[in-house]
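Letters A, B, C and D name the chains as they come in the text, with residue numbers starting at 1 for each one.
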Amino acid sequence: MKALTPLRMAMVGGGPGAFIGPVHRMAAELDGRIRLVAGSFSRDAARNAEAGRMWGIDQDRTYGDWRTMLAAEAARPDGARLVAVVTPNDTHFAISAAALDAGLHVMSDKPATLNLAQALDLARKVEASGNAYGLTYVYTGYPMVREAREIVRRGDLGAVRKIVVEYAQGWLSRPIERDGDRQAGWRNDPAQAGVGGCIADIGVHAFNIAEFVSGVRVERLCADVASVVPGRVLDDDCNMLLRFEGGVRGVLIASQISAGARNGLQIKVYGENGCVSWSHDRPVELALDLLDAPSQILHAASGYLSAPARARVRIPTGHPEGFIEAFANLYADMADAISAGRTDPTPVPGIADGLRGMAFVERAVAASRDGEGWVSLDGVGL
Amino acid sequence: MKALTPLRMAMVGGGPGAFIGPVHRMAAELDGRIRLVAGSFSRDAARNAEAGRMWGIDQDRTYGDWRTMLAAEAARPDGARLVAVVTPNDTHFAISAAALDAGLHVMSDKPATLNLAQALDLARKVEASGNAYGLTYVYTGYPMVREAREIVRRGDLGAVRKIVVEYAQGWLSRPIERDGDRQAGWRNDPAQAGVGGCIADIGVHAFNIAEFVSGVRVERLCADVASVVPGRVLDDDCNMLLRFEGGVRGVLIASQISAGARNGLQIKVYGENGCVSWSHDRPVELALDLLDAPSQILHAASGYLSAPARARVRIPTGHPEGFIEAFANLYADMADAISAGRTDPTPVPGIADGLRGMAFVERAVAASRDGEGWVSLDGVGL
Amino acid sequence: MKALTPLRMAMVGGGPGAFIGPVHRMAAELDGRIRLVAGSFSRDAARNAEAGRMWGIDQDRTYGDWRTMLAAEAARPDGARLVAVVTPNDTHFAISAAALDAGLHVMSDKPATLNLAQALDLARKVEASGNAYGLTYVYTGYPMVREAREIVRRGDLGAVRKIVVEYAQGWLSRPIERDGDRQAGWRNDPAQAGVGGCIADIGVHAFNIAEFVSGVRVERLCADVASVVPGRVLDDDCNMLLRFEGGVRGVLIASQISAGARNGLQIKVYGENGCVSWSHDRPVELALDLLDAPSQILHAASGYLSAPARARVRIPTGHPEGFIEAFANLYADMADAISAGRTDPTPVPGIADGLRGMAFVERAVAASRDGEGWVSLDGVGL
Amino acid sequence: MKALTPLRMAMVGGGPGAFIGPVHRMAAELDGRIRLVAGSFSRDAARNAEAGRMWGIDQDRTYGDWRTMLAAEAARPDGARLVAVVTPNDTHFAISAAALDAGLHVMSDKPATLNLAQALDLARKVEASGNAYGLTYVYTGYPMVREAREIVRRGDLGAVRKIVVEYAQGWLSRPIERDGDRQAGWRNDPAQAGVGGCIADIGVHAFNIAEFVSGVRVERLCADVASVVPGRVLDDDCNMLLRFEGGVRGVLIASQISAGARNGLQIKVYGENGCVSWSHDRPVELALDLLDAPSQILHAASGYLSAPARARVRIPTGHPEGFIEAFANLYADMADAISAGRTDPTPVPGIADGLRGMAFVERAVAASRDGEGWVSLDGVGL
C-alpha cells in the first residue's frame, strides 16, 4: 500500500475539561492518516492556548474564534481540509454550515443539529457543497458492529423479525445538573441540548445502531419518554415500541437513570434462523446464536470475519481495541472517502442519518408528551 | 428439627411424553416431604398404567379417571391430601375446583384457568374452601429471585424506578405446530390454551416475576402482541410498555420466535441507588450494581444472603441447583403451609397471582388487537 | 420404554447434619428408578430414627448397625439390592467389602478406601464378587463433561496435547477445624481421611476428570503438596505438573485455601486443532474453541449433542440442571447396569478409578514430602 | 495542569508489516505527550521511506541506518530525546546501549536483550548513563492490573499465599514457521530469539505480571519447558511450579500451542482473605473475591479506584480502553519520568525487570532440559 500524506484537520471545541473533544483528537491522529494542525478549542483564551500547546499546534493556528479559523485555514495552501465539530449541540449547525461554505469537509459529533429544521437546512447545504459530511455515531465504528451488519446483510439470519436495543446509563440518577456538573448541565438545558435529553444524547445512538445493523428503517414508534428525577427539565428515561419496514418489531430502551449501569449499549437482531447480538461491555466479541446449533462467539480481528470487519483493526485477535479505536475507524473511513474524492462518507454515517435521528427525537418526545400512542416517522422531509 | 411424615400427593396428568408432569413429580418428592401415592396420569389406559408402574404407585391407586380418583382418595384414611394439576390449561379449572370440593389442597401448574372468568370463579371457590391453593410460577422458587425481592424490600435500591423483564425463547420460530409437535400444538390451539399463546405461556411468568421481585403492581400497559410466524393463530411475540404503581416504568418482552434463544428469562429492577438483576442463564447468581460502587455478584447458598434465600438450598455454595430444585422449593413451601394449617401458601404464588395473570393476558391481547394504546388492569374484579 | 420396578436401596451413613448423604438419597430417588427402603444412617440412635422417619423408611428397616442391616436385607425377599456407602473415608472399605460379601451391589462415595492397600484388596473383592461397584466421582455425571469426552474421543480436537485442570475452594482458608467445624475436622484427621487432605478430598476429582475427559492416563507427576494454613496436619494446597500417556503435558491445581473461591472445578483439554473446556460455574455449558474459528458454546439438552450427553437430561435446553442431577445420573447409570446384569458400571467410575485415585494421592504426597521431583504412577499394582 | 511541549522520539524498527512497531507509534503519540520525529524503520530502503511518509516524518529524518540516526539526532538541537527500540530481540542490546551512549533515553520492547549476559551489561550501562530506560511489559500498563497491585499492597487480601498465572495462545499450534510466517519465523530462530521460544515471548510477561501484582519475587521454580510441535527448535509450551519469597506458592502456564486460545493472559493472586483476578479477555474489569462476601467486579475509570488506576484513563467508565491504551500508559509514564528528570521510570518496568526476565528464561530452559527439578533464581547477578 502506498503511504499517504496525512490529511490536515482543524477542530472547533474540545478544550480542557471536555470529554469528547480529546477523543476526536486521539481518534483522528491514531492511524497517522490525519494530523491536527489548527484549532479553536475554547472561547476562553487561556484554555484555548493551553489546548493548542498541549497538542503541539502552532500558536498562530490556535484561533480564538472559529469563524476566523475557517477563513484563515481555507485560505492557506497548507490549510486544514477537514473540520471536526465537537462543540455543544446548539452550535453544530452554524459551524458545520460555515465550514461547508468555506469549502471544507466536516466531521461532526452527534447530533447533527439542535433540531429537525436545522437538520433539513444542513442536508440541503451538504448536498450542494460537494464536500463530505460525516457524523460520529461512534458505535458504527466498532468492527464487530460492522460484522453484525454483514451477517444480517448476507442473510445468515433469514428475514429480520425483531430488534431489541438497549442503552442504559446511570450517571443521571441524581440531579447532578443542579450541583454544577457541566456534562449534566448542558444536556439538561433545552437551549443547548434541544427538546431531548436522554433520547437525544444516547437514544439516538440506539436508534442509529438498530437501523445500521438490521438494514431496516423505523417506520413507526410508540414512546414513553419521561423525566424520572424530580425537577429535571428534559427526559432521562425512554422506552419505546418500534415498527420497522416490513413489519419488523422492535423495542428501544434508553435511560440515564438506570442506576448501576455504566455505558451499556446492546443490540439483538433476530431473524428467522437466529440472532446476532453485540454488547458494548465486550466490544471485541459478537454473539451469533442460530437455531438448533451451538452458540458462537466471533472475535475481532479474526481471519474468518467479513472484509468490512477486518478492514479496521490494528492488532491481532486477542488484543482488545476499544472506544477510541472505534472512533478512529470513522476518521480513517472519512480520510479514505476524502482522499478518494467521495462526498458520501459511507460507512461513516452522514447527514441522512443525522436527519433521521432528529426526526426520531422530535417525534418521540412530542408523541409521548401528547399521549399519542403510535406515530409515524414519515412526512418529516426524510 | 423433628422429622415429618411425608405428605401424600395425587397427580392429574403427567403421563409419559409430558414435560412438566415429571418435573412436578421429581420436585414434590425431592426433599422427602411429599410422596406421590396416587395418580390419574393419562386418559390412555396403557400410558396411565405405565406411569403408575414407573413411579412405584400401587395399581389400585392408578386411576383411569380423575373424578374417580378425587372421590376415592378423599375417602381413604391414608388418602392423598394434595392434588397436583399438570394437565393442559383448559382442564385446570374443573380439576382444581373439584379437588377443592373434595376437601383437598391443590398445587396447579400455571395458568390457573383457561380465562379470567374461570379464574374469578376459582378465586371464590378457594376462599370458601379452607384449603390451600398454590400456583407453580416456578421462577419465584429460585433462591436468588427471592434474594432479589428481599434486596428491594429492604430498600437497598431506594425507591424502585424502572423494571425491565425479558423472556426470550426461540423454539416456535418455525410453525412446528403444523408438523405435529405436541407441545407446540396445544399451545397454539385457543380451545386448549385460551386467548394467549406466547403471552399466556411465558409472558405471564415475566409479568409475575416483575411484580414478585419489585413489590409493585402493574397498573397500565401498552402492548404489541403479534403472531409473527405466518399462519399462526395465537401470538408468538409480545412487547409492552408498563406502568406500575407509583409511576414506576417498565418494559416487558416475551417471545417464542427469538430464534437462537433457549429459555432466557431475565429481570432488572432499578431503584434510586442501583439495580438488581437476575438471569435464568446463571440462576445461582444475582447481580447487584450500586451507584459508584463495584458490581457485586451474590452466590446462592452463601451465608450473607437473606433468610428467605438461605431457607431453600440443599447443598453448599458453588454446587449449582437448578430448575427442578426451584420447583421443589415451591412444593416444600406448600408442604410447610399445609402442615402448619395455613391456607395462604406464601411465598408460593396463589390464586390472586393467577387472577392477575389472566387479567394481564386478556387485557394485553385485546388492547393490542384493537389498537387501544395504554389500557388499565383495573376493573377486572381484582 | 417399558416401565421398570424401582431398584431397592439401603444406605449406610447420611444422618442429619451430613452433607453428602442427603445428596445420595435425593439423587438415587430423583428419577424414580431407585427407592430407599432401608438404612443405617447414624450410630446415634435418635438421629438414626429421625433420618428414617424423615425419609419415610419403615421403622424395622432403620437399623442401628450396618452389619445387622446387610444381613437382614440380604435375607429378605424384598430386601435392598444396592447399598450406598456415604460414611467417612475410614469406613468405606469395611462396609463396601461386607456389602459385596452379602451379595449386594455397592455405590460408594469417594474415595474408595482409606489407602491404596485397602483399595487393592477391595479391587480383588469386587472382581470376585460378581456384583457391581460404583464410585460417585460426581463430575463425571454432568452431561457436558460427557460431551467433552465424546468430542475428544471422536477426534474433533486431533491428538490431545495438553490438559489443565484446576479445582479451587476457599473454605479452609482459616483453621476452622480447630473451631469445631465437623466437615473440616474429619478431613484434617489422618485417621479418618488418610494421608491426603485437599488432594484426597478434591484433588482426586481433578485427577479423575482429567483422565475421564481426555481419555489418556497420567503416567508421571511432579507435585508440590503443602499445608499452607499454619498448624494444619494434612495438605490444603496442591500444585502439580503432569505427564500423561503419549507425552501429553498437564497441570493440576487443587486448593482449599484459595480464599474467595467456592467450588471452582474447571478443565481444559487442548488438542492439535482446538480446546474443549468446562467449568463447574456454568455446568450446562461446554466451550469449544477450534483454531481459526468462532468460539462455540454448547448447551446441555440440545439436539446436536452426542448420545451420551443427551441420555441423561430431564428437561429441555435452557432449563438448568445441577449437582444433584449429575449425582442422579450416576445412580441412573448404576440402575441401568444392575438391571442389565452388568458388573461393569460404566460410565459410572468403578474400582479401577478408585485404585488410580488412591495411587495418585499416596504418590503425590510422598514425592512432595520427600522432594523427589518427577515420580511415576506405575508399579503400584494398577 | 500546565500543558507540556511534546517530547521528541525516534524509533528503530517498526516498518510496514511489523506488528509491535506501529503499536509503539500509536501508543507514544496517543496522548499528545510524545511526537515521533525521526526513525530508522527498516533496513529495506523502500519500506523505510514508506514508513516515514506514512507517519509524517521529514524525509531527512528517515534514516537508513540506526547508528547514523542516533548520532544525527543527538546532535540536533531539536533532536529526539527518547529512542523506541522495536526490532527483533537480537538487536535490542546493541541499539539500547548505543542510544544510552548517545545520551538518549530508551524505551525498549521486551525482552531487554538476547540473553542474561547482555542484560547484565546493559544494566551496568543504564546505571552509568544517567538516562531513563523503560521496558514495555505492556500488561503492567493496564489500569486494572495496577489496581490489582494496589489491592495487594494495601493488604486487602492479607498475606499473599498463592499466585496462578496463565498465558495461553494457540497461533503456533502448527509449524507455520516452516511456511514462511515471519512472526513465527524469528521467534523460533535461536539466533534472533535467544534460548527461549514461548517462554521468552510470553512466559516472561506472565512472570513479570505475577511479580508486579503480587509484590513478591520468585525465588525458585520447577519447570517443564517443551517443544510440542514436532520439529520445532525452541519451546512452545511451558508449565512451572513457582516458589516466591516468604514461601508463597505459584503456578505459571505459558503456551503457544493452546489451540483455540487467542491471547489469554490471566492472573489470580490469593491472600488469606480473598483473591484478586484479572484477565486480558476483559481488561477493564477486575474481580475481587473476598471470603464469605459477594464477588466484586471493579470497573476501569471508576471513582472508587486507587489513584494509580485512575491516573491513566482517558474516557469515562463504560467506555473501553484496550491494548494500545495500555501501551500508551507506559509511554505517558515514561514522558512523566523524563520531564521530571527521573532516571527511574517507575511504574514502567526497567532494566531490573529485564534482568529478572532473562534469568527466568535461562534458568527455566536449562533446568527443564537437564531434568533438574527445583532450581533457584539466585546467583545470577540479580
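In this section, contacts are C-beta pairs under 8 Å (C-beta built on N, C-alpha and C of every residue); 3 or more make two chains touch, one makes a residue touch a chain.
Keep in mind it's a predicted model, so treat the numbers as computed, not measured.
A count of contacting C-beta pairs for B-D and for A-D identifies A-D as the more extensively joined pair. Centroid distances from subunit A, each centroid being the mean of CA atoms, peak for C. A separation of 55 Å divides the Cα centre of subunit B from that of subunit D.
Distance between subunit A and subunit D, defined via averaged C-alpha coordinates, is recorded as 35 Å.
Residue numbers of subunit B whose C-beta contacts span two or more other chains: 261, 288, 295, 299. Considering their complex, residues 1-6, 16, 19, 22-23, 25-26, 29-32, 35, 50-51, 53-56, 169, 171, 261-264, 280, 282-284, 299, 314-325 of subunit B touch subunit C.
Residues 157, 161-162, 164, 166, 170, 173-174, 222, 224, 226, 228, 237, 239-241, 243, 249-251, 253, 255, 257-261, 268, 270-275, 288-291, 295, 371, 373-374 of subunit D are the ones touching subunit C in the complex.
Contacts from subunit A toward subunit C in the complex involve residues 288, 292-299, 302-304.
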